[in-house]
Structures are given as C-alpha cells and as structure tokens.
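The data blocks that follow each hold one structure.
Next, two complexes with chain A in common: one pairs it with chain B, the other with chain C.
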Partner chain A sequence: MAGVKRQSLGGLVARRVGIAVVLLWIVSLLVFAATQVLPGDTASAILGKTATPDSLAQLRAQLGLDRPLLQQYTDWLGGLLHGDLGRSLAAGLPVGDLIGDRVGATLTLAAVTLVLLVPLALLLGVLTGTRRDGKLDQVVSWITLAGVAVPEFVTGTLLALLLATWLGWLPAVSLIPPGESPLAHPQYMVLPVLTLLVAGLASTVRLVRVGVAQAAAADYTEMARLSGIPERRVVRRWVLPNALAAGVQVIALTAQWLVGGIVIVETVFQYPGIGQTLVQSVQSQDIPVVQAVALLIAAIYVLLNLLADIALVLLVPRLRSAR
Partner chain B sequence: MTDSPRPPEPARGLTRRRVLQGSLTASGLLLLPGALAACGDDGGSGAATDGQTVGGAQTIGSGGTPRSGGRLRVGHVGGGTAETLDPNSGIVGIDVARARQLYELLFDFDPRGVPQPRLAESLEAGARADRWRLRLRAANFHDGRPLTADDVLATWRRIRTRALQSANAIAAIDLRKTRSTADDTIEIVLSRPIGDLASLLAHRASFIIPAGFSDFARPNGTGPFTLVSFKPGERSLMRRNPGYWGDAPHVDELEQISIPDSTARYNALQGGQVDAIEAIEFAQARQLGDGTSGPVRLVRTANASALPTYMRVDEAPFTDPRVRRAMRLAVDREQSVQAALLGYGSIGNDLFGKGYPSYNDALPQRAYDPEQARSLLRAAGQDGLTVKLYSSRAVPGMLEAATAYKQQAQAAGITIDLQTVPAADYYSDRYYLKVAFGQDQWSGSFEQTTLDGLLPDSGFNITGWRDAAWQRRFVQAQSMTDEAARNDVYKELQSTLYDEGGLIVWGYVDFLDAASARVEGIVTNPLYNLGYYEFRNWWLV
Partner chain C sequence: MSVTEATAARPGRPLTAFRRRFEGRRAGQVACLLLALLLLVVVFGPLVAPYGASEIVGIPYSGPSGSHWLGTDYLGHDVLSRVLDGGRSVVAYALLAMATAYGVGGVAGLVAGLRGGLVDATLMRLMDVILAFPPILLLLVLASGVGGSTAILVAGVALVNVPGIARVVRAATAEVATRSYVEAAVARGAGTVPILRHDVLPNIAATVAADAGTRFAISILLAASMNFLGVGIEPPSPDWAVMMTENRSGLTLQPWALLAPALLLATLTVTVSVVADVLTREEER
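Right, the complex of A and B next:
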C-alpha cells in the first residue's frame, strides 16, 4: 500500500502519552469549569440556612473563594503538579488523606470485577460467536440486551432486594469498617461486584461475540475451512487470536463504564469508595474533593485506554502501520 | 422549685437544624437531608390530626424490664467528611447525635419541650430575672477531672468569641459580670431580664467542655459514652462510660454509621445490619404499615416541624392584610397533608409551635374557603391576582405542597406562578430571605421561632415582620418568671399573628424513623429524629 510507513513502538507510545497529557489538561479545565457552575457554593453549603451576608463573605474569604477564577484555577493546577490535591473545604483535611483509603477500595472493587469479567466475557462471547443463532446465543443475547437496557442502580436494587432482603444470604449494604481492606470482608463485595458484572457483561459479551463472528466469517477463515482444516483448529488458530484482541478492547471498554458504573454502585451499596465520596462532595459543595476525584477518575480512564491501545498494537501488528 | 423554670423558651436557632440536611438530602443522598428530613407527626392515623402534645412522647417498643449489654448500631443520614466531633459546632443530625453521647448540656428539653436539668443541679432567679444562681451537679469528665463552674464559663466564652451556633442563645449573659462563687456555683448576670433562662441553656449546641480543652478528636465530656473510634462520613464506635454520674446506658457499645442514601439505609435495617435508622421516606413508612408489628417498627414523631409558606408583609401585594388573609383561605390543608406528606403530618393553623405549652390552641382552625378568599381579594382590588411562589425539593414534600396549593388557589381566582429552584440553591443567599413568597421548614416553640424570625435582630425574618409594639410586648413577656402569665401574653401575641402575620402554616410534618423490634426504650421527641438520640435509654432484646 502506498504511503504506509512503519512506526517505531517507542514513537507510538510517546505520541499516545503526549495526547493523554493534553487530554488530562483539557479535563482539568472542564472539571474546574463544571465545579464553578454548580448551584450554590461551598460557603453557602457549609453555613446553610444559618448564613448571613457577613458570615458568607467572611467564610468565602477564608476559603479563598473570593480570588479571581483564573487565579483559583492556576493555584489549583500548580498544586496538582506538585502532587498537592488541595484541602477539603468541609473537613479541613488534605484531600489526599481523605481519599487515600477510598481510592484503594474502589480499585479493589474494579480489579475484582475485571478479573471475573474478562474471562467470562471472552468465554460467553466465543461460545455465542462461534454458534451464532444457536440456543445459547439466543438466550445470552436476550439476557445481555436486557442488561444493557437496565441501569446499574435498578440492577443493584433488584439484586439487593432478592439476595439480601428476601433471601437474607448477603448484607444489603457494604459497611466495611474504616481502614480495613474490602478483601478482608468478601461478603460485602458480592453484591457490588455482581451488579457490576451483570451490567458489564451485557455490553462486553456482545462486543466479543461480534468480533468472533466477524473473524469466523472472514475471508481467511473461509479459506482455511475450504482448505479442509477442521473447524476446531480454525477456531483455535484464526478466530481466537482475533477474539483476544477484542478482549483487550473489552478491558478498555469495561474500564470506561466502570468509571460511571462504580459511582452508582458505590452509592447504592454504600461501598466506601471514591464514587461515594464524589457524590457526597458534590452535595456538600466540597470543590477541592470533587475536582481531585473527578480528575483522578479521568486519569484512570485515560491511562487504561492508553494501556489498552498499546496492548492492542502489540497483539495486532498490522495496526502499527499508519495510513 | 429549686430546679429552674420550665417553659420552653428561646433557644435561638433551634429551628434551623435542618438546614444542612435539607440541602444534602435534597439531592438525593441524604444527609439530612431529609436528611433527616422526612419527618413526621403524631403517631396516629395518617390523617390530619391535631395532636396537642409535642411528639406525644410516644414510647416505641413493648416495654418490659431493660436488659443490659450488646452493641446498638444506628444508621444516620450523616454529613460526609464535614462531620465533626466539636460539640459546639455540629450542625447536621449525626454531629448532634454524637455530641449528645459524649457531652452534656446544662438543661435538656424533654419530649414535651420543657427544659429539665442535666448538668445543672438548680437554677434560681433573683428578685428580677436578670440575676440567676446556677448550681452544678457532681460529674466527672471522661479523663476523671470533676466538672466545675470554670468549665461552664470557659464553654460560654468559647461559644461567644467564636460566634458558634449557640452564641445567640447565650447572648443575654453578661460574661464580664458573670462569675463563679464556688466550684459548683455561678452567679449569672443578664443584660436584660429573662424569665426562662433554662430554655436558653438547653440550646442544642451548648455542650459543656472542660476549660482549656481543644483536642476535639479525643473527646472529653461528661456524657454517658466514651469514644473508641471515629471516621468522618463513615462511622464511630463508643463504649459505655463506667464513671457516668447518672443512669448508665443499657447497651455496652454504640456504633453510629453514616448511610446517606435512603434506600441503602432502609435496606441495612431490613437486612439486620443496623438496629435503627433515622429519616425514612414517606413511601417506606407506608410499607411499614401501622408500624407496630413485624421485625421493623415505624418510629413516628408528631408535630416535628412546621412547613410554612411565607409572605413578606412589607412587599406588594402582601402589604394588604386582606390579601394575606385571602392567601391563607386559599389552601386546602387536609388535601395538602395527604398529597404532599402522604398523610404523615397534621394540619396547621398558621402558627408555629403546635404542641408546646405556649401554643394558642383556642384560635379557630382556619379552613379552605376560596369564596371568601375571592371576595377579600376583590375588596383589596386584587381580583385575579397572580403571584410568583418559590419552591424546591430542598425539603421532602415542599414542592408537592406548592403544586397542590397552586391548584387549590385557582378556585379563588389566584394564579400561582410556580418557580422551582434547584434544591442546593434554595437556601443560598440568592433566594433565601430574598423572595416575597416562598416556602420553608421550621421547628420549635412560639418563643424560639419568634427569636429567630420576628424580632429586630432576628436572622431569619422571612415575613419581614416589623411591628414595634408587638416586638416590645414580646420582650416584656420574656422577662416574666411566672410561666402561666408569660404564656398568656405569648398566646395573645399569637392571635395577632394569626390575623395579621405573614405565615401560611398549612401543615406539620412528622419525623419518620424506623427501628428493629429488638430495640426498646425509644421515646420520641419533636426536637430531633430518633427521640433526640437519647441512646442511653435504649436497650436490645
């Protein structure tokens, strides 16, 4: 093909990282702008109905909310670059101290979900993709379609109703003692993980299935079949590697919706992670915490996508050529 | 009696406790929102009733002999990372709930709204009510130090100099002239006579701390529990204080957990992860039925807080008393209680403080009369009036009530132009106290709410009330030490408000909480959810 040039892996990675940094900077602008348009402000949230104009002005000055917006932004960004996430306006503690444990809890939840979800998605995707329109395919299709259509908070509430309230098998709320790892309390992880799995499998199984089905119907696979190679070998040799590439995309995709899904699931089950912190901070207008958590989530998102992109390129060499 | 005067009086600011909660819950989590929010009224049928005792001091549970031991686990709305252990600063319910276990007030409101001595042994007035002698009971702080008059004076000074919540309540105490005359005695000098000082000393955030104390992370109060651990926004654990001067708690341990989401909180109770929760939703209360049987019981507190629609008497068109009267006749109270509160409340009579000893219950109950409203408006030259009403979801039932009012008022030819403000913005300085026609939530007695809303120095004069003669009469009544005589004047002042004031108090909403059938000893109190958090009296069976 004309114009095709090979690109070194290092160069590719460097470019992607550069894009990621620019992306994060744009995100920081958006996050900052978004927190400025929230109704009310921290001072009025702290003082509530007891606020008087004097006390509001005093508190705003104390919290530095009376600085010009541009200065507030540059002060914040400058702090970030030095690893200083700022100080919670509500708690008066450094944001890092406040969310440290919670970041760990959220990452644990995400990791456990991913570890279960990826193999399951691949397995179901390959089984249904290679047996299109079979019984299993139809059943799984219906279930996954329903899973896509039902939002996480409904799935979570229904699961809690069934497994906790009615059957009494599991605790309805993940009351993990402060400072302890969620892994030490597996019973509190079941419902959140299950909810994330149901929601996550729906989209990922469909994705893998399509990838497998396409590979199974591709010219080179047809060619292999016509050459008399047994179907089992065709699947192993030509279909599965393509499914594996899809698997990487599954991880990236899952990471993407985990970002949104975890916030909801943590709230439904009272799981002590950053999603819950985000919701609470928005309500108490604790802007530094909102900004830090939002940026952190964005950074995780960007980072996972970056890793997935690189992994994909490693798995599928042809992507290394730029058009 | 050697103990103090009784009637509930000016504990300024009592009314505002829901503040933060409101904004929290509003958006769905919770914190109080409904935080503590959804609230409730008399334990009676859901219908609009007219309960006259505050809270009815209802006892939840089947009674029996208290059992000792166990860990009581309570699910609160919580306040996120803003939760504090500073007993003089807490605003949200869970802060108050923790402070009440670790520290104590000089006086404490009982379920009828009467201040009872707690750390005070006695409070006696001098010849005029501007000199009082306060004697303290023998009690020890958690570190073993005895409580002395100096601790009380230091607490008052801290509250005053830092302008903490109770600063208004103790504003009349002249701290330069007030001094201790013995380890357990304080001669209080007031800047003006106040007949019911005990109510002021019962203000919810005036907990006594040791002199020179500042390490609030390691609480050192006289309260019935001592702190084991605390993480803001998550939970705290406390243990029975073995050196407590009074009746020790029945339970060994108390765990207070922040569960902002109302569904999660309810699920945690249903699943047995906690023993009691505050602030359930109207719909959840309905699921519990009459709430007296089954594994989970409804804990319902009557006359908990008033839901007024307010008119500024100094802004058109409400400057004309005929217009204000017409607006009061244009609301169908029974229907609003059913529609907005699902029946978990009772109708109001345009006055605050229903159920308190000072409440004027001799005034005729105002009813829905669109015809008379129409003719009043015609007489005022306001036929076919159109007014903007500011509403929000800041408090459960608020927006529903405004919507119902809009329809009810049509029959009187009034067009209500409903302005819905985001919940988080409703109490911001952009709207609150800025609009001529809006909604609010208030609790407390007539005297308390008057201090907050109807005097020249009130911070929350939502109706723009400026009747100087009325205000002088109130201050005069405040100085009376004879409770009955004082309440007579208060009632007379209320009848003026009933006719001329700017409030449409269409209803009172109940506090709605829930507890496992394992929990006994809960006595409801209209000041706060879950019986004002008197956990020392609860026990587990």
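Right, the complex of A and C next:
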C-alpha cells in the first residue's frame, strides 16, 4: 500500500516539475515574441531621429538583429542556459553584471515580506474565522477590502505621506548604497515591506478566514465539540490543520501577486531591485535587459508556484485522512 | 442556476432589480452614492476646473492658497484643475480595455463552447498560457517593444481579462448549447448567427455580466499601475496615476499634489469594488 502511494506521489511531483519546465519554455517564447513583434526595433530605438538607413543597417548587423528570428531566439535561449543573459544596450554592460546585486535586494524584499506575511495571514485568518462577525472580523474585513481594491502605488504613497512626510519616522525613498545588503539598512525596508504587507494580507487573510470558517463548521469539528472536547483543543486539532493547507495556497497566491507588487513597490520607493530595473529598461526599450529580467522573474514565479504545489500534494493526503 | 434566474428576472425593469440588490446593505448604498458623485466629478470636472489642465499658473510646488486650493504641481500647474481633469483617462481606458476584452474573450468563449473538441481544447490551453503570466509582467513585456503607449495599455489590460471572460462564456455557452431549444433550432436548420442571437446570447448574458464589475475594478487597477510606472499615458496629459509619479519629488514640499489624486483613485477603486461585490453576491444566491 505504502509503496503504491509513494510512487504516485513521486509521479505527481515529476509531472508538476515537467509542467513547470514546459511553462518556462512557453514564457521564454512569449517574452521573446512580445519584444520582437512590435514595430520599432532596438536599433531604431537607440538611434532615434538621427537614424539613416545606412547607420540602421550597420547597427542591426552589430547587434545581430539581421539574423533570422528563429536563430536569434535559439542563440538567446542557448546563451541563457549557459548563464549569458545578454548585454544591456543602454549601459553597454552584460546584463548579469547590471542586475547581480539587484537580484539579492529583490529576493531580500520578497523573503522579508513572506516571512512576515504568512504567519500574520494565518493568525488573522484564524482569529477572524473562528469568531465570525465579531468586532475584529468586521474591522479586518473592511481593511482587507480596501487593501485588495487600492493599487499598491496608492497605498505606498499614502504610507510614505503619513510615515515620512508628516510623522518623519522613516525615509521616503529607499536609497540603499550599491553593493550593500538592504538588511544592513532596515529603515529603508520598512515602507516597502509595509506596503507589500497591506496589499498581501488583504487577499490572503480572506482566503485563510474562509478555510477556517469552513473547518470550524464542518461535521467532524462539530462532532469533536459534541464529544465535550474543549474549544481550544478543537481549534488546535481540527481547525488549524486546515488553516495550514490554506497557508500553502496563500504562498502560491502571494507568489503571483508579489511579482507585480514588488515591481510597483520598488518603483514607488526607488528600491534598488530588479523590478525597478525592469521598469526602467521597458521605458528605455533596453530589450535584452527586459527579456532577461522578465524571464528571471517568471522563473522565480514558476518555481514558487511549483514549491507550493508540491507542498500541497504532500500535505493534502494527511488532511484527507483527518476528514 | 443563475441563468434561469436571470431569464425570469428579465421582464422586470433593470433599475428596480438594481435597487433591490442594495436593500439593507448600508455599505453598498454609501459606496454607490460615493461612486455616483465621483463619476460626476470625473465627467463634468473639466467643465468646472478653474484653470486649464496644462496651463502654467504659478511657481512649481507652491502650497494651497486662495487662488490655488490644492497648490501647484512640479511644473506649476494648478493641482485642483488637473485632478478634476485627470479622472477621465482612468475610467475611459479601463472601459475601453473591458470592451475589447469582452469582444475577444466573448468570441473565443462562444466558439470554444459551441464547437467543443480540438478547437475548444486549443483555445482554452492558449488562455492557460496567458494566465500563467503575472499580469504586471505581461503588460511590461508587451510595452517594452514601443516603450509604452496607450494602445498597448488598452490591449494589455484587455489581454489580462480575456482568459477569465472566455472561460465564463465558454462554460455558460456549453451549458446552454445542450438545452432542448438550441437543439430544436439546430434541428430546424437555423443558422449559427440566428441561434447565437436568439437562443444563446440572451441566456448567457446575465452569467457573463455577473463579474463585469469586478473586472472593471481590476482593469482600473492595472491601467492605473501601468500609467504610474510610466508605460501608458504620456506625462503631460493629466491623469491621477501619472500625477502621482510626476509629483513624487514634491512628497515633502507639496504633499497635496500627491494626496489629492491618491485619495480620488483610492475612493474610485474601493467604491467600484464594493458595488461590484454587492452585485456579484446577489447573483450567486
């Protein structure tokens, strides 16, 4: 029995990994296509109004834009697989050098946010889910509604106005010196993390709350209560495990939202991460940087989803036997 | 279930049905009222603005005064006039993107739902691929080819909405397609277009429209975020989101230049969400 179960589990995980790889490949196609099909190629973007047919052709040849599209794609993908991310048009540097420090800064921001977000979402979700329609529940549901509805850049700006402009507690922009870890400058991380938390908690608390409320009203929980088991134990034994499953979903959901959230929050606070790089390179049409950073972000996103999927697969059978 | 309900409700006046949904929901009523007021400002604001939106009227970043109630912005424009003018683009581009999305997603969903088989599978996998992309990333990658434009803004926000709409339309169409009246119409040799118009569309309309409010809220949010990131509307034209980018350097000097558009944008998105929430919930019952 156990052998059969393990095998199917391994198969499931293998399939998820396979899907993730295919997804990444499709994403690479999309990123490449989206930056190619539109009018105005990189060469004309660099030369601008000074372009002459001759100089355009020369620059195209220099950048390798005169190769067939398919070859451009395979060359690009081959380079990526060997760790060559391409060369920035604006800075003239390899993309890897350009974003090296920034990847760390962004991952730090994401990690700090997640480390605070998941326990907070679980705590608030359980508190509101077990006491539905209580005072706290009502307050939290209003705040989450606003948090979901208001764009991150508005939340961030309002927080900056409140905490930086009027109260003067925090710096309004996160000007972390290049090459230094954001963790060495915690005062620069507070506003970006806080903004991400407000927006992130809003969607995740709702999800946990619903899961908890369902578990709290389920037959098996009712049965446990009727058997005279104290409410505290009921919550711990029957309700919380279900909240944990919701917690895994929270991570997956958050991963999807965090990608967009970080790009915006980094721009709002001038936080030196890859999200800011992406926005700047989109504005300046620095295609190689856009391609590399977009694919990198998509890879992180797919990876987080994959981990959450696998965690859910591992968690659910145990939960099912409890039902 | 919601399909039959909607069919039954159709003869009634839509306004009465709309009003009934807000009965006993204080928050929904307040949101509705606020949204109506805000939309009045958005539509008629430019008519009552004291100055032109692109008119330089004073020293950059001067604080509120008698002649400029909300002060001036980074170039010396009147903030109040720009705020009164800057809501149109927020609402208009979101609506334009929604209309495009319903057009494309609707056709895709109808074709998938009616044809089934390989066409259905191909279309739906295509939708899955779009969904696999985080929306902001998708929009930024799209914009990178041209460095941002309003056409890309509308197309991108529409594209993000297409998969969801296509799925809803497909599910509703597939369900309706098996009903006896559709089969009867096919049997009597009616063409695809008349069947769509008389039998399918009226019966899926309510289901498809149920989450239109939520999609509108998402569209506003995405379009505003793109404009804030500087890859949508060109900066000189007044827009609440653009105002928040261009006046960022005045955060300490002239907070009103940021606060006014921020509060209006927040009020708009929250009220649209609350109203959408009330409408959707009622539909589910």
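Quick notes
FYI, the second predicted complex is superposed on the first by the 306 of 323 C-alpha atoms of A that agree within 3 Å, B and C clash if a C-alpha of one lies under 4 Å from a C-alpha of the other, contacts with A are read in each partner's own complex, and residues count from 1 in each chain.
The rule we apply is simple: contacts are C-beta pairs under 8 Å (C-beta built on N, C-alpha and C of every residue); 3 or more make two chains touch, one makes a residue touch a chain.
What you are looking at is a predicted structure, and each value in this text was computed from that prediction instead of being measured.
On the superposed chain A, the two partners chain B and chain C do not both fit; they clash.
Residue contacts after overlaying the shared chain place A:178 against chain B, while chain C stays out of touching range. Within the superposed three-chain model, A:140 lies out of touch with both chain B and chain C [touch as defined at top]. After overlaying the two complexes on the shared chain, residue contacts for A:234 are found with neither chain B nor chain C.
In the superposition on chain A, contact is made by A:149 with chain C only, not with chain B.
In the superposition on chain A, A:208 makes contact with neither chain B nor chain C. In the superposition on chain A, contact of A:36 is made with chain C only, not with chain B. Contact with neither chain B nor chain C is seen for A:304 once the two complexes are overlaid on the shared chain.
Of the two partner chains, chain B and chain C are each touched by A:157. Of the two partner chains placed around the shared chain by superposition, chain B is the only one that A:91 touches, whereas chain C remains out of contact.
Across the options 38-46, 56-64 or 200-208, chain C meets chain B in a clash only at 56-64, per the superposition defined above. Residues 38-40, 45, 157, 160, 164-165, 172, 267-268, 279, 281-285 of chain A lie in contact with chain B in one complex and with chain C in the other. Of all residues in chain B, only 13, 16, 18-20, 22-24, 26-31, 79-82, 91, 163, 165, 229, 231-235, 257, 259-261, 263-265, 267-268, 270-271, 273, 422, 424-425, 427-430, 432, 459-460 touch chain A in the complex they form. Looking at the complex, you find that chain A touches chain B at residues 38-41, 44-46, 48-53, 55-56, 88, 90-91, 93, 98, 157, 160, 164-165, 168, 171-173, 175, 177-179, 267-270, 272, 277, 279-286, 289. Touching chain A in their complex are the following residues of chain C: 129, 132-137, 140-148, 152, 217, 221, 224-225, 228-231, 241, 244, 248, 251-252, 255, 258-259, 262, 265-266, 269-270, 272-274, 277.
Those residues of chain A whose C-beta lies close enough to touch chain C in the complex are 23, 26-27, 30-31, 34-40, 45, 145-146, 148-154, 157-158, 160-161, 164-166, 172, 256-257, 259-260, 263-264, 267-268, 278-279, 281-285, 287, 290, 294, 297-298, 301-302.
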